[in-house]
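In the two complexes that follow, subunit A is the common piece, with subunit B as its partner first and subunit C second.
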Partner chain A sequence: MNFWIIQTLNGISFGMLLFLLASGLSLIYGLMKILNLTHGSFYMLGGYAGLVAVKYTGSFILAVLAGCACVTIIGVVMERFFLRRLHLQEMPQTLLTFGFLFIFSDLAMLIWGSNPETLPKPALFEQSIPLLGTFYPSYRLFIIGFGLAVAMLLWWVQEGTRIGAMIRAGVDNEEIARALGINVSLLFTLVFAFGAFLAALGGVMGGPIVGVFPGADFEIMLLGFVVVIIGGLGSLKGALVGGLAVGLLDNFGKVFFPEFALFTIFAPMALILAVRPTGLFGRE
Partner chain B sequence: MNTGASSHRSIILTVAIGLPLMLALPFVLTPYYLGLVVKMMIFALFAMSLDLLIGYTGMASLGHAAYFGISAYTAGLLALKLGWSFWIAMPAALLLSGVVAVVFGMLALRTRGSYFLMITLALSQLAWGIAFGWRSVTGGDDGLPNVPRPDLSATISLADGTNFYYFVLAFVSIGALLMFRIAASPFGYVLRGIRESETRMLALGYNVWRYKLAVFVIGGLFAGLAGILYVYLNRFVSPDYIHVARSAEVLLMVILGGAGTLAGPAIGAALIVLLENVISGFTERWIMIMGVIYLAVALFAPNGMAGLVRDFRRKRGRK
Partner chain C sequence: MLNIEDVHTYYGDSYVLQGVSLEVMPGQVVALLGRNGVGKTTLARSIMGLTPPRKGVIRFRNADITHTPAHRIARLGIGYVPQGRQVFRSLNIRENLQVTARGDGQWTFERVLDLFPNLRSRMRSLAGKLSGGEQQMLAAARALVGNPGLLLMDEPTEGLAPLMVRELGRTIGELKQAGTSILLIEQQLNFALRYADIVFIMQKGVIVHKCLPEELASDTAAKSRFLGV
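Our next item is the complex of A and B:
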């Protein structure tokens, strides 16, 4: 019984990290129709920047701030100076985001080398706490709570605020939104940078449990894609449900079939594709 | 637009000049550069196979390396573990990559656009995961070294560089010829119709889904052929053959050359292979430089060299 509870919590906490990643991926696609292949790099760079900050300051909060700030700036630059020129051109966008993926991947290798690293846990959540007759790391519980809080916050922003209404208008019809006087180009930069921010947040928060390592960019990008394929592109609900599903599947897959863990993620993905090609909550 | 007659003439001209040149290369080049030319030809075949999907049908696959790698692994394993002769190993490898293309195609073709991109990418990473994880069969990360090159007959051994060059030249020429034929056939024109408007082709009574699956599998088979040749060239196969980076590389070749022209992607492939060779010769950071090349192509030549030539001609025509 304990085994199931612990593994389920492990899966959910990893799922929350995937949600942070996929919600940005989904939001960017929803508004800008860009499939961002650099999203996994944002996650990895966030983790590395956090690592540097924690080494020099010892503070986890500063690590979160540093990781998110660096990657948000990268996101703004990428959108303003590069992606902007290729609006709605799918193939060039794909090449461009691929190019950045390679550049960041090589840059990370140059700066941080090829050894996997982990971030130390924040002091407040170093301990394991008693849970149903066993001990469970409090940091993972913190991630679950944090992920849920972010989900609720995003929900509120999307449904209850002016900026959320503007984004929804842009998603539904860009031209009309422009005609109504909404500054859609500013919105694009904002959303892309915010997506990058969320990915970096996932990277730093995941640092103590998943670690940062070369190749994390490709691996995490792939998991992010599976999440949005299952949940549906452009849907916040889809990112949450898909993230939790992939987190759990990945965790139990690794426990039960270590050599073929990928299958436990891909078989359900294929099944959902066969039934609902645009994912559980996606729309064409 | 080319008229039929002039494109016919240009093909005859290309073959008349190109073929003797290609046949003469082994007498001019050192073994090292001959090997480089072989690599260029193999990737030209690979890029053309992807062009059938992207350029002609408008289906942007980000997982085309799956078929390249699957048949490379199959050919390598059959030669290495079972000692099968080339004449059985090659059809077997093609068959397997074709079957996988049918299955992946049936899943991926339920979607289009960005979903199609993501799903082809995800499925190819599944193949990569198997090659990476199934150590007892595939050798995992280390790959399969010492794959022997086949003997075509008792007297013709492909271990000889010149023989191998002609062997690859023959297969690539046949493959390229077949693809040009496919592109120029009524089938090829249906594909162009699908690229321009799927709904219109549906309204005209074409079974669009079946055409898309057919070209997806055809593209997979030619990619598979390229994979087989590549494993013989390197005498080695590793998960890198299937990785997304490989699929991205061949996509770059197609876009750089100019999608929808077949000849363009072949030239793009030769150029990228050459560039990688030169750049990796003088710096370890060649991946970063390749990344910059991706950016440059995306920003300045999104229609490839074929597009640049078209623009140039149009400008000159106006004057």
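Our next item is the complex of A and C:
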């Protein structure tokens, strides 16, 4: 019984990290039609920047701020000075993000070397707490709560605010949104930077449990794409449900069939693609 | 209000507008007529900055907007009612109006909804689920809440039932009374003639005829030559 509770919570907490990653990935694709292959790099760079901040200041909160700030700036620069020039040219944009993926991967290797590192947990959540007759790390519970809070916040922005409605209008019909006075170019920068911010947030938050290591960018990007394929590109609900599904599949897959861990993720993905090519909550 | 001078626009490789000149004076309703495919919608897209001209000048309230980004052109005061309505399908009626509402002119939500009472009772309905006529009303309302000085309507009667066409006509009449300048691109000759102060006819990317509506109404030769009716 304990085993199931603990493994389920492990899966859900990892799923929340994937949600942070996938919601940005999904939003960027929905509005800008860009498959951002640099998204995993944002996650990894967030983790490394957080690591540096923690080494110098010892503060986890500063690590979160530093990680998110660095990567958000990288996101703004990438969108303003590179992706913008290739507006709506899907293949060149994808290749460009692919190029950035390699650049960031090599840079990270150069700066931080090839040893896997872990961020220390924030002091407040260092302990395990009693839970249903067992002990469970409070930090993972915190991640679950935090992920849910972010999900609710994103939902409110998307459905309840004017800027959320503007983004949805841009997703519906970018050209007409422009012609009716919505500054879609600015929305593009905001959405790309915000997606980068969320990925970096995932990277720092995940630092204490998943760690930061070379190759994290590829690994996490792959999972992120599985999440949006299962959940449906462009759907916030899809990113949440997909994130939890992949988090649980990944966790139980590694527990029960460690040698087939990837299979337990990709088999359900293939199945969903066969039945619902647009994912669970995708459009058309 | 709007001055278009010798505009040449390409759509991909095809040379669509081959030197169009046209003007709309303040308070005027100008009808632009022409058969399918002569470039009327391309002219609308050129005005809005969606397909900027390669040559020529477009001025709005004396400001050169030829190469201004689309969202700025809209904010300067041109309300666009695109062909095929193109409402934001996954937004409800209220949101469709909220995202384009701008400025504090005469067109408040209340006033616009008075003009389109059908919309008022369905503010929470998704635009994608509305009938064609309701979508057309929404497209017009969406342009109006931006408080434009000029309304650019591209074939608003297309695909509408006669009853809805009459309803739309009533609205255009009221807008005209309120002093709104309108550039009305149309295929339905009688509809355009009823509301226009002046008529331009386009053929193969150029303006070939300019006249008063009553002149065109009685000019069978021009009608059959330019419009095939």
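We adopt the following convention: the second predicted complex is superposed on the first by the 283 of 284 C-alpha atoms of A that agree within 3 Å, B and C clash if a C-alpha of one lies under 4 Å from a C-alpha of the other, contacts with A are read in each partner's own complex, and residues count from 1 in each chain.
Simple rule for what comes next: a contact is a pair of C-beta atoms (placed from the backbone, for glycine too) under 8 Å apart; a residue touches a chain by one contact, two chains touch by 3 or more.
These numbers come from a predicted model, not from an experiment.
Asks: After the subunit A overlay, clash or fit between subunit B and subunit C?
Replies: fit
Asks: Which of the two partners, first being subunit B and second being subunit C, lies in contact with A:228: first, second, both, or neither?
Replies: first
Asks: Could you look at A:239 and tell me whether it touches subunit B, subunit C, both or neither (first, second, both, neither)?
Replies: A:239 contacts neither subunit B nor subunit C.
Asks: Give one of first, second, both or neither to describe whether A:78 is in contact with subunit B, with subunit C, with both, or with none.
Replies: neither
Asks: Quick check on the superposed pair: does A:154 touch subunit B, subunit C, both, or neither? Answer first, second, both or neither.
Replies: Touch status of A:154: no partner.
Asks: Touching A:166 in the superposition: subunit B (first), subunit C (second), both, neither?
Replies: Second partner only, subunit C.
Asks: A:178 contacts which: subunit B (first), subunit C (second), both, neither?
Replies: second
Asks: Looking at subunit B versus subunit C in the superposed three-chain picture, what is their shortest Cα distance in Å?
Replies: Least C-alpha distance: 14 Å.
Asks: Would you pull the subunit C residues touching subunit A in the complex into a rising list?
Replies: Residue list for subunit C touching subunit A: 48-50, 69-71, 73-75, 80, 82, 86, 88-91, 95-96, 98-100, 102, 142-143, 146.
Asks: For subunit B, which residues are in contact with subunit A within the complex?
Replies: Subunit B reaches subunit A through residues 54, 60, 62, 107, 110-111, 113-115, 117-119, 121-123, 125-126, 129-130, 133-135, 243-245, 248, 251-252, 255, 259, 285, 287-288, 290-295, 297-299, 302.
Asks: What residues of subunit A sit close enough to touch subunit B in their complex?
Replies: 29, 33, 35, 82, 85-86, 89-96, 98-103, 105-107, 110, 218, 222, 225-226, 228-229, 233, 259-263, 266, 269-270, 273-274, 277-278, 282
Asks: Spell out the residues on subunit A that touch subunit C in their complex, using ranges where they run on.
Replies: Its residues touching subunit C are 162, 165-166, 168-169, 171-173, 175-185.
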